[in-house]
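Structure provided below as structure tokens; questions to follow.
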């Protein structure tokens, strides 16, 4: 990309959000390097025991290191979420541009489809896809992609329509530039910041969805370390070991707060 | 007796002085016109007198309104005077009316809440205010159902309902065509007759001339000249005032007509155009040769831009045809827009954009520099984004960009309507030069019939019902202003 | 008129989507559908080959997919949702039974969120950039980052277990409403507040807002007469879109606190692979969205006549 | 907008004022089971537990059969003809008398549906004056116990629709159903025409709360008076609370590993014993189930004769397990997993999350098996995958909780699970001796030694590997007297509960 990116400084909320996410990512990637261990290894004698060097966050009810379970949970749902957002973003971008460019029935069909999907609760679609697809992670990816592309599509289409109809694009066309140039220099710079916001929101939505379904026991399955599942597993022990329950709660909160702040603004 | 006086008003933004000490007085029956370009400080001065300056700016001096002496920095003290002592006329009346409230109540609420009339009496008073302005039927209309002129009248009625003796009008003719400008001038004079005090802030010489009274000319935060309006305009003393008056199309000489030579570059026959299901242009025929300037004028919404787009091939005609010279490359047709900022990609530097165009059209090295020099533009501008460049400079850069494609026909769609008069004169001068020296055929759209009259070789006047084409001598432009 | 037609198209597409998705679900149940259904119906202690055989015989599972698909969609378009595979009751009866509980919960949550969010947002929007505005931004971001199930969890731990003020679960009495409604409302309010704040800030920056003050109206008069009405339109439109968020919340929260609503039924139906129930509830939720938004369109058109072109 | 805000606020406040909390005159029960419909084959156990319906035969905590709607019963010499004398003067809740014809009708409908009655060799059920007669094609000594099962409940003829599906719950119990709101709640009130003693509490309600944590919270906050089936983890916590008393009893239910004995990796008793030796039952029971000990044989002590205290217990000895597998030709590979002839010792364990402890136990097993070089993949899925996998022969290992007392006489479950195989029992393993012994016991011919023999064979051959015995735990509000837990999971004992003033 030869375009200069926006050099406008980010608002402080975004910077804080990015910093939180960087910390979490560093923890998820480097965690096992700093303190080696496995998220599945049990030692029933250490059930709900407190922190120690081999398990800095203590142990869960099965004597598994919360530190390592958290590291893996913080890899799992963000990875699924990012994969879904990437798929949804690409699909939304392509279809949105196509709709704005072609108009006619292509646009009408896509808009009606997007509107209909918008009317259906995302978690419901994910649940149905989970029931159809083999494999929970794959199901989450497919279901979340199916839910999330609508937002990207609507953003791209709205921006593309406004941009393509504007004088700047008319000028570029009159000057003899082709559509790839128009996309690169006119459309993408307008869409990209919106896509970043939507991607951050989408990732947050996806992570929330995975955790929520885990929490009501219809998402990821034990013994996979997943944030919602960890919470529901540790909930019965919250009086004995409140910190054990707080660990995934705080991690989820930090992750989602980081994403919300990174998104900046709000969905409209 | 003085209705309003301002003494030693200064405005600073941190260390920068935006307005040198200015003093003025408004007497009953004698309007005061503050004339200046964008950035001259005229609107800041008006805001200082109304107590609406942004908090970030430091303001000094005192304002006396009626019997009250106010320190200009005490903004809150002005609030109680709004509607009661000072009536403020907004710049853009459409945007100044609450879109979700019917016109009548917007007038009546001032009667009720400011003058404490009972609800019924307030409504009747509002009705009679509107009736006095010829708007008795508009009481139950929403703002979007009103024309621009009607909205302006409703806004004036609403602003004055509180019964303030002083009317301040900030740029009341911004973006209006000549016919509407004259309406506004007449309304302001009626307001003057009824209220007593009138301050008009404008960049529009014609409006200043119509209002009369006293005149203050501001430039870059300093008073350049003061005096009776008629006298200053007839015999300007300051060089700047002279330049300002010289930039008024009224004072321009008429262009020496170019005789058509060879085949026309663009030609239209019995052209009928419609956009969004609405028929705009009916049966227009014209032919434009190299070096000629076609002036297109008419009230807003009459299809001026559509005609240009049809000539460019951007809008397929509903009936009739457009013919272009057979040797015309597709990129030999170019266009200038009213808002040049919107015509450039927002996020790229101007140098990148122009570089891309030069590259695409295989312009020789140094072509951009040569054109920059010719258009009297500083090369540093290329490092900036479109939004960081003044409107006049950006319109010249847009012209430069178009020239890189070596156009033979240029459609300039209101290229100067957002620019100050001096900049406008400059841009129009460049366009005339391009026609004369480069033999470019130009279609120039403007809502200002005087400008068209002075600049064009042939004129196309569009109206909702009729359209005529011909030389400036043939086409009755006064008709357009009626 | 346009509103009605486009919403009608949306409703039909929603129905087709739900129909196709649930048909696919029916056809692709991992393992044997009869077994799944038997497990849902008789429980894990009693599901065996005989139970599965009984279900298979009763439902006539099997056959080519295409005629099955046509008859599936045909039933759907005749609004015949069939019977629940688990309970054997007509789906429509079950939904009618559960809809009320969810509706009340959703209404209470929206009502509560409107009491909390927009007033704060409007206060902040009147003074953009102020300390209060920035504080509200931070707080609303924090609340938005708490998923609804987590909010419910925190509220249960704090309000009902630690303090003993509210029942942790249950249904039937007004005090049962407060906790789940609050759990839903806080998240909604966080977003409501932001929408109201932005709308208020943008309305207050419009020329007409300043002009109303210049006419001589006091700040409060301007806010009351010109501010609120203009803020209400974007807020209302957003509320319509928020419906989906609300429904998702209802689904999760109902499962959390044992609320006998449509969301609870949906989760159970998905779990038991009770496809007709999934179809019925999904359809009800999707069409509910369309209906709510159609009503909001009409209401917004009444408030803002510009929209009704 | 502000108008609607006010309306909402007012409505909310108004709602709160209009319904103050009701004074306690009712026992509120919370349990995990959801109500589906009035149909006995799916929801009947809830109606029975709530004392709304009754069966012909009842059972005491020791499993001794007691008269209920039938006052006495006897079998003919050949054990093929059973006569059940019906109690006099029993009225259904619709005030119709319980006639022999009504009882026959209810039983005929019940045995046409899936359930334990369907598996009985019944030739005919006929009515007599004040009695019914059941004719069998082969002797079945446990027949009365089968009639104590929930699906054998007796409903009035008006309760059934034309297709035999129940459309209403018209039973004979001490409580009469007043409100049925599937899936979550029902209410009942004392039935004045009840044949027995009137219950102490006039009203009862039932709420289905599927989440164990939520049930525990309801017990703590007093939202429910009688909370059934507590999560092991919350037992510790609740027992410290003054507001509730926790009761628990061992029940005839075991957590066990169903083994596909036809699978090449598992087709020898040694291999199965090695797996058994790899399981740390005590640790598992304490950490996951919070029980003091694990199961050292299949049948829990609660099952009387079936439990043989003299049997050498199953023990935990990973060393011995490794040795045993080594003898079978397995050697550890690079990753620690055993291999033989290029094949890894890798198995899939199927379980279901309906009982929350199962996936946890599965996770523990995965680790403990890894210790001895066995690679386990956990598939936590729908509970039907286990019987379906059994039928298809694809199941490798299944982790499940088996109730041996669906019918108060365990012989019913033994017959269906181990004589010779069963959906929830043995798989790919047949033992003629067990079949013969079980059939004899079913006919009423066996002895205590025969039961011990069955237990011993199962212990030696391990067609299923026992892991833990369940305890049933419930929490009752402090001041609720007369709490008795029915190990046969037939009754909450509501009529005997007394609300403290």
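Things worth noting here:
Labels A, B, C and D are assigned to the chains in the order they are written; within every chain, residues are numbered from 1.
Keep this in mind: a residue touches a chain if its C-beta (ideal position, glycine included) is under 8 Å from a C-beta of that chain, and two chains touch if they have at least 3 such contacts.
Everything quoted here is computed from the prediction, not taken from an experiment.
Note on connectivity: the fewest chain-to-chain touch steps from chain A to chain C number 1. By the document's definition of touch, common neighbours of chain C and chain D comprise A. Greatest centre-to-centre distance from chain A is found for B, with centres as Cα means. When each chain is reduced to the mean of its CA atoms, the one lying nearest the mean of all protein CA atoms is C. Here the spacing of chain B and chain D, counted between their Cα centres, is 85 Å. Centroid to centroid, with C-alpha atoms defining each point, chain A and chain D lie 42 Å apart. Look at where the CA atoms of chain A average out and do the same for chain B: the two points lie 48 Å apart.
Residues of chain C found to touch two or more other chains are 30, 255-256, 273.
Multi-chain contact residues of chain A, defined as those touching 2 or more other chains: 235.
Every pair of chains meeting the touch criterion is listed here: A-B, A-C, A-D, B-C, C-D.
Against chain D, the residues of chain C that register as touching in their complex are 30-32, 35-36, 38-39, 41-52, 54, 86-89, 94, 97, 107-108, 110-112, 114-115, 118-119, 156, 160-161, 164, 167-175, 177-178, 228, 231-232, 235-236, 255-258, 260, 264-265, 268, 273. For chain B in complex with chain A, the touching residues are 312, 314, 330-331, 333-335, 337, 339, 342-349, 352-353, 356-357, 360-361, 398, 401-402, 404-405.
Of all residues in chain D, only 1-2, 4-5, 7-9, 11-12, 15-16, 18-19, 21-22, 33-34, 36-37, 39, 41-42, 113-115, 118-119, 165, 181-185, 207-211, 214, 217-218, 220-221, 223-224, 352, 354-355, 381-385, 387-388, 391, 400-401, 403, 406, 416, 422-424 touch chain C in the complex they form. Those residues of chain C that touch chain A in the shared complex are 6, 9-10, 13-14, 16-18, 21-22, 24-25, 28-30, 137-138, 141-142, 144-150, 153-154, 157, 191, 194-195, 198, 238, 241, 244, 247-248, 251-252, 255-256, 266-267, 270-271, 273, 278, 282, 285-287, 289-290, 293. Those residues of chain B that touch chain C in the complex are listed here as 50, 52, 79, 82-84, 86-88, 90-92, 95-101, 109-110, 113-114, 142, 144, 155, 158-159, 161-162, 164.
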